[in-house]
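The structure's right below; bear with me while I get my questions together.
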Amino acid sequence: MSVALQTFDLCKSFGGITATDHVDFTLEKGARHALIGPNGAGKTTFVNQLTGVLKPSSGCITLMGEDITKLTREARVQRGLARTFQINQLFATMTPLEMVALVTSERLGRGSQPFRALDLDAELVEQTAEILTRFRLDDMMDRTIATLPYGKQRQIEIAAAFAARPTVLLLDEPAAGVPEAERRELMQTVAELPDDVSVLLIEHDMDLVFRFATRITVLVNGRVLAEGTPEEMARDPAVRAAYLGESTHV
Amino acid sequence: MLTILFDGIAYGMVLFVLGCGLSVTMGLMNFVNLAHGAFAMLGGYVAVLAMQRLGLPFLASLPLAFLSAALVGIVLERLIYRPMYAKSHLDQVMFSIGLVFMAVAGTDWLMGSTQQFIRLPAWLQGRFEIAGIGIGRYRLFVIAICGLLAISLQWGFTRTRFGSRLRAAVDDARVARGLGIPVNRLFALTFALGCGLAGLGGALGIELMGLDPTFPLKFMIYFLIVVTVGGTSSITGPFFAAMLLGVADVVGKYLVPQVGAFIIYALMVVLLITRPHGLFARARA
Amino acid sequence: MRAESFDARVRQALYANRRWHPAEIGFWILAFAAYLLFPSHLLLLNEIAILALFALSLDLILGYAGIVSLGHAAFLGMGAYAAGLLAKHVTGDPFAGLACGMAAAGLVGLLTSPLVLRGSDLTRLMVTLGVALILYELANSFGSLTGGADGLQGVMMKPVLGQFEFDIFGRTAYLYSLSVLFLLFLIARRVVHSPVGLSLRAVRDNPLRASASGVPNGRRLAAAYTLAAAYAGAAGALLAQTTQFVSLDVLDFHRSADLMLVLIIGGAGYLYGGLIGAIAFKLLQDAIASFTPQYWMFWIGLFLVLFVLGGREIIHSAVKTVAGRFARLGRGGAR
């Protein structure tokens, strides 16, 4: 297997606090990899560095062998690194159709064309329709996103990220806050992502992690505590301690 | 040259008294009150009227200017400002511009559009020299009063219970509320104090910056500079910003009069871009 | 299997946004018909058309890109002075002046856009205000070029297209301004329904997600700001050409504040807000000026305060009801 995304000696500190501490991390191509860790372990800080929201203090990040440490957020997206957000970040006044069309149009390089009509762009229409169908958003594509149920909004989060046709997809707690009734559809969506997309799942929900991931990395205090298959992680005493330690606080 | 510097300091002092109320309102309720200058104008006109119509001496008209502006501030805060706190900055700006326009036109209607003058008492007129530096008596008086005010404000802000509560509320209003600090009342009081100071500054400034109905518009940008450059988390920030502005403005206008206020505005834009949290503000993560 | 028909539905839904509504067509027919309907008010109509173009410009950045500005007069003034100076010193051809005004204002927009892209709404308000004040001071200081406080005299215009002489009744002026407005409106309409327009809405709604969707936020906003500046420049050029005079007033702060009120009245983010707002604003101004010409500023202030305090919702629901009624009428008529 070859490598999709890799970090070398990645560090990030805020003032005196070290949020990411010399992290070497490898995401294989086509992987189903989960990143877990207690609250405040630095998971989101790590993802924010991968996607360019935060600048690492030192170290570097490569995507498909290319150094992307200094690239802007949008340049990383164009190179195939897409993400969802732990807290919904949607275009509230748009419809799912418009949101997916936007991502598609940016990917197709239409974004800077001021006189092009969206509906006359056959490629754009076709690919937008494809995404809407895949994520079962076709029957509500015309409704304003803000009025849709929360589970559907989480679904749109993933659809919008997927519309960028990523080689690496980062899912930041996709099931967070989704009510039980809508959860199943969402998990099915995650399970159905095509094999050639490498997925890094950041999640709290152990149930989801163990059902989905073939490999798990445990992050504690900004450091990689352990990495291995789900079985190995379930047995690892250090991991158990980290989690037991947390559960007494929660 | 040093005389000009002295004038600049006096000018800056007045700007500080005028602007510091705005900086606290902005810091405390995150409210952009462009109508702050209207309270200053009110104070100025009250002083003028008190002296011309009631024949009060200059010194007696100053507290009157303070009180009337503070009183109007309290009433307006209660009636129309309070619903604005939750609105967007754009709405707040539109709202306060509306107030400025009304104040400008209303004053024009009531008082006429001419420049107002006051007659200073004899002991404040003229100037004397120390070591070759010409010192205007009135300017010295202004510096003394405003300096005293600045010191007592700084003391009140850092050393009293009121001040510590205020600082807590500026830092995080929600937490302060949780601690049982009556943020709303605190704010009403601070707002009134700020308005009162503006009124006092308006009265003191008649001799230095003039007074006519367009006062709030003309000096709006100056107050904003004091606040944006000085930051909103302290008294000293706006103080030094006002000093800098006063000196730069007076000296600039003296040395290169044709460029006018241009330098000041350019300075503000540059500072806003490079130091968006204010020149003297602590860097925030 | 994903049916062809779903593609067609998607296409149809995307088309629906940019389809010409019958009410829109009616609006423009009325605008041009006003020339015949109100022959004695053409000067006022001309002012409305220019203000509408100016408001359209602000709507492009405020309504679509979400950039707040208190200094839009900077671009109006830039366009007015550029067009005026060109007419005075080089050529009196209206279209050359229009192009010159748009280019000059657009250039200022492009140069100042990096300043506006940073920071919070508050910083933007202050920076735009500051830029406008700087331009005002500059125009005031370079009196030899701009005429300073006396204004720029001696702007002589040639006939439009070599045919239509500007007259004192505003006949040519109104048709000229309205045509320019209509043309620029068509372009703006095209742009807001293009991928660029979609991405601007994305940046306005959520900059974080926009950049995570591959949108280069900064560049897109700079482009929108420049375009809007050029539009404001066009409005300024029209003002200079149809009045054959430019005064410092075009750069004054009250222009920017008035413009905000126009957009508040009409509503931002649907292109017609600025146009409807301009009509309402000018009619209001005209009506008030007929009994208290001096204290217009007071009334404008009062309107601003009342709008923000809660009148806006009332106005907008009224506008929507009326528009809805028109739409139904229009659709009924079309069928």
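Every chain is named by a letter (A, B and C) in the order it is written, and numbering of its residues begins at 1.
The rule we apply is simple: contacts are C-beta pairs under 8 Å (C-beta built on N, C-alpha and C of every residue); 3 or more make two chains touch, one makes a residue touch a chain.
Bear in mind the structure is a predicted one, so any value in this text is a computation, not a measurement.
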Labels of chains that are neighbours to chain A and to chain B: C
Distance-maximising chain from chain A - centres being C-alpha averages: B
Centroid spacing, where centroids are CA-atom means, of chain A and chain B in whole angstrom: 50
Computed distance of Cα centres, chain C from chain B, in Å: 35
Chain centre separation in whole Å, for chain C relative to chain A (CA means): 41
Residue numbers on chain C that touch chain B, as the complex places them: 68, 70, 115, 118-123, 125-127, 129-131, 133-134, 137-138, 140-141, 253-254, 257, 260-261, 264, 294-305, 307-309
Chain C - residues contacting chain A, complex: 2, 6-7, 9-15, 17-18, 190-191, 193-199, 201-202, 205-206, 208-217, 220, 223
Chain A residues within the chain C interface of the complex: 51, 53, 72-74, 77-78, 82-83, 85, 89-95, 97-99, 101-103, 105-107, 110-119, 125-126, 128-130, 132-133, 138, 141-142, 160-161, 164
Chain B residues within the chain C interface of the complex: 32, 80, 83-84, 87-95, 97-106, 108-109, 217, 221, 224, 228, 258-262, 265-266, 268-269, 272-273, 276
